[in-house]
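Should a chain be cited, it is by its letter among A, B and C, assigned in written order, with residues numbered from 1 in that chain.
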Amino acid sequence: MSGNRAPLVEVIGLSRRYALPGGRNLQALDNVSLSVAPGEILGIVGESGCGKSTLARIVMALDRPTSGNVLLEGDDLFALSPRELARRRRNFQMIFQDPYGSLDPRMSVARIIAEPLRLLPERLSRAEKAKRVAAMLEDVGLRAEDGARFPHEFSGGQRQRIAIARALITRPKLVVADEATSALDLTVQAQILRLLRDLRARHGLTMLFISHNLGVIEEIADRVGVMQAGRLLEIGPTAAVMENPREEYTRRLLAAEPTLDFLEQPA
Amino acid sequence: MSLLAVNNLTITFRNRRSTAETAVVKAVSFSLEAGETLGIVGESGSGKSMLSLAIMGLLPGDARLSGSIRLGGQEVVGASDRALDALRGREAGMIFQEPMTALNPAMTVGAQIAEGLCLRGGLSRADANAEALALMEQVRLPEARRRFASYPHEMSGGQRQRVGIAIALALKPRLLIADEPTTALDVTVQKDILDILDELVRERAMALILISHDLGVIARSAARTLVMYRGDMMEDGPTVQVLRQPQSDYTRQLIAALPRRSRRSLEGAAP
Amino acid sequence: MRAGMMRWLRDNKALAAGLVITVSIVVLALLSLFWVPMSPTKMNIAQKLKGPLENGFSSGLLGKDHFGRDIASMLMVGARYSLTVALASVAIGAMIGTALGVTAAARPGFTGAALGRLNDAIFALPPILSAIMLGALMGPGTTTAILAIGTFMIPVFARVTRGAAMQVRARDYILAARMAGEGEVTITLLHVIPNIASQIIVQVAIQLAMAILTEAGLSFLGLGTPPPAPSWGRMLADSQTYLLKAPHMALAPGLAIALAVLGFNLLGDGLSRLIDPRRRIER
C-alpha cells in the first residue's frame, strides 16, 4: 500500500519532554521519525506509557514537540497560521483514547458529533446537519434517535462509537485513532473495522491506528510500528513484523498475547 | 452459602421524553463462590457495567432496580447508604471501565490510593503512603516513587488504568469486579495484571468478576463465563463449553467476529 | 413518587432548609411591594417602643420602634433593599469575576499572572473601606453599597472560576473542541462556562449571604440606603440606645439578618453537596 507517492504525513525526529514532579524530566518521545502514505493505515503498538498518545496529539497539532517536525502534505504543521491550521483541520481528525473524557457532559450527542461540521467550507442547514449526524450514528451501530441523549447515558463502548462518529463526520483524509476499538465487543469491533476499511476504499482514508490489540492491528494495518520508552524500535509491513520480529521487545509482546489455544476440547 | 447471589435482577431507566421504561438488565440470576473467577462477555451496551454498579450499590440515581443481590449474606438492593458504604472497599471493590471517571482530577494519584487505606483501612497517613507506593510498584507503574505526586492528567491512559487497579486492590476486597481492567494496557503489562488477579483468587480466595471483550483474557483467567446480550443472560457455563460449543446465536456471532489471529489460536488446538 | 421525595428530603436536608428560608424571605420582600401590615414610615408616638403585641394587634406582630413605626413592616421593606443590594453586588462580582477567572485559565502565562495581581489588589480593599471612599466621592446610598460590595466580590469569583476552569480545561473534550477548529473564546463560552456553571451557582448563594451581612454592616455605619427607607442595618444601629428598654428592637433585625445569612449559606452548602462530583459517583 505504501507506494511511492508523496507521504501525507511525515514525522521527522520528533521528541517531547515532560517535567515530572521533583524536577526531573521525562522523555516521552525520543527522536521518532515515520511517514504515512495517502490511503495507508499505519498501526502503532507498544508498551503502555511509551508515548503513543503523545505522538498522536503532536501529529494533530494539539501539543508541540520539544524538537522535531511534522509535515502535513509537505507543509510544516507548526509553521501554519492559526487560521490556516483551522482551515486544514477538516482534513485531519482524532479519536481520543478516553472516550468519556473527550465528550462534553453538558452537550447532547447530536451536538457533539456535529461539532466538527463547522470546519466545512460550506454552511450546512440545520436539517442537513441532522441528516448527516443520523447517518453517522447508524454507521457506528447506534440509533439516530440516540442523538438526543447525553454522554453519561451510554455504555463505555457506545461512548467510544460516539467519539468515532465525531471524528469521521467531516470525511477527513487523515484520522489518528488512539485505541479506538478498545471498548467494543468483537461484533461491533468488526463492524467498525469494516467501516474504516470501506472509507479507505471509497475515499482513500489514511490512518495512524494506535492499538494494544495485536489481532486488530493484523486485521487493519498495512504496516506496523513498535514503540518502547519513547522510541520507535522497528517498523515494517504488518505480516513481516508479526512473523519475523527483529526486536526482543516485539518478540516479548507477541509472546504475551493471550490466546485461545490452551482451551482444551470439552470431554 | 455463596459469597454473591444475584437473583432475578432487573435494572430499568425511565425515558426522559416518554413514560416508557427501558430495561437494560433483564431478570439476571447467577451466583459466585469465594475463590472463583466469573468471566462476563457481551455486546457493547448489554448491561455488564450496570450489573456491576448494581452489585456495588453505585447505580446512577435515575436507575430503578428490582430483584435481589446478596453479598456476604447481606442484601444490597434497598440497603441504606451507610450499609452500602460499609460493604464497599472491604467486602467488594471495583475497577471501573473508564479510569478517569473514578479518579479525582485535583488530587495526586498517590494520595488517592492512600485515601482509602486511611479512611477505611484505618492506617496512619505514613503507613498508607508506604502501602500506596508498594501498590503502585505492584501494578508496574514505572518510577512509582516519582509518579506518586503526579496528577491523573499527567499520566498515560494505561497508567491511569493501573492507578484505578491499585485503588481497588488497596483494601483487599473479598469480591473484586474488574470492568474491562486492561483495555489500555499492552499485552505484557496486561499479563502481569492478570497474574496478580489470578494470584489473589488462588491464594486469598478472592472472588473475581472479570468483564472483558477479549476472549483470550477470559479464556486464560475465568473457568466459568456468562454471556450477555441486550440485557439478557444468554449463557452461563464453563468457559471451554461456552467458547467451543456456543448455545446462543450471539455467542456464535462473537466467535465468528474474532480477529483472524485469535481464531487461528482457537482452531489451532482443535484436533 | 412520595417515597422518592422523602428520600430526597432526607439526603438534602440543608438544601431543603435553605430553600424554605430564602424563598420565604424573598416572598415577604416581594409582598411588601403590594401590601404591608402597617406603613413602615408612619410614626405613632403613642405606640413608641411597644413590644410585640403589647397593645394587641395595634402594636404589631414584632412591636414598634422609637418613633412608633411598625417593625414587622420595616423588616419586610428592609428585606427588599437588602436583597436588591445583595443581588446587584453579587451579579457584578459574578459577571466580572467569572470573566476574569475564565480568561486567566485560558491564558495561563503573562495574562493569567497579571489578572492574579489585579485580583490581589482588589482583595486588599475591604468593602467598608471602599464604601467610605466611594461614599466620599458620590455620597452614601444604595449604589455606593452595591459598587463597594460588588468590587469586593470580583476576586472571590475570579478565584473560584479560575480553579474550576483550569480543571475543565485539562479534559480531553477541550482538545476535541480544538480539533473542531474552535478558538479560545468559543471554547470558553461553549464548553468551559457550562461545565463550571454549577460551581458558580453555589458560590452565588454563599456570596449572597456575605453580601447581606456586609450590606447590614454598611447601613449600620450609615453608609447604606439612606433614611427614611428602612434598612436592617440601620434598625440595628437605632436599637442600640434602647437595648435595655426595648430589646425587641435589636432582636428583630438581628434575627432577620442571621436568618437570611443562614438561609443562603445552607442553600450554597446544599447545592454544593448536590453537585459534588465525588458524591455523584458514589450514588
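FYI, a residue touches a chain if its C-beta (ideal position, glycine included) is under 8 Å from a C-beta of that chain, and two chains touch if they have at least 3 such contacts.
Here the structure is a predicted model, which is why all the values come from computation and not from measurement.
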Chain contact topology (line, ring, star, complete or other): complete
Top-ranked pair of chains - ranking by C-beta pairs in contact: A-B
Label of the chain whose CA centroid is most distant from the centroid of subunit C: A
Rounded Å distance, subunit A centre to subunit C centre (Cα mean): 49
Rounded Å distance between subunit A and subunit B, as computed from the means of their C-alpha atoms: 26
Multi-chain contact residues (two or more partners), subunit B: 60, 101
Shared-contact residues (touching 2 or more other chains) in subunit A: 98, 101
Contacts with two or more other chains, residues of subunit C listed in rising order: 171
Complex interface listing, subunit B residues touching subunit A: 13, 17, 41-46, 48-50, 60, 97-101, 142-143, 146-147, 149-150, 154-159, 162, 180, 183-191, 194, 213-217, 219-220, 238-241, 243-245, 250, 253-255, 257-262, 265-266, 268-271
Complex interface listing, subunit A residues touching subunit C: 57, 60, 62, 82, 86, 89-90, 93-94, 96, 98, 101-106, 115-116, 118-119, 163, 166-167
Touching residues (chain side subunit B, partner subunit C) in the complex: 58-61, 101-102, 104-106, 153
Contacting residues of subunit C [partner subunit B, same complex]: 167, 170-171, 277-278, 281-283
Of all residues in subunit A, those that touch subunit B in their complex: 18, 20-22, 24, 45-49, 52-53, 97-101, 148, 152-158, 160-161, 178-179, 182-190, 212-216, 218-219, 252-253, 256-266
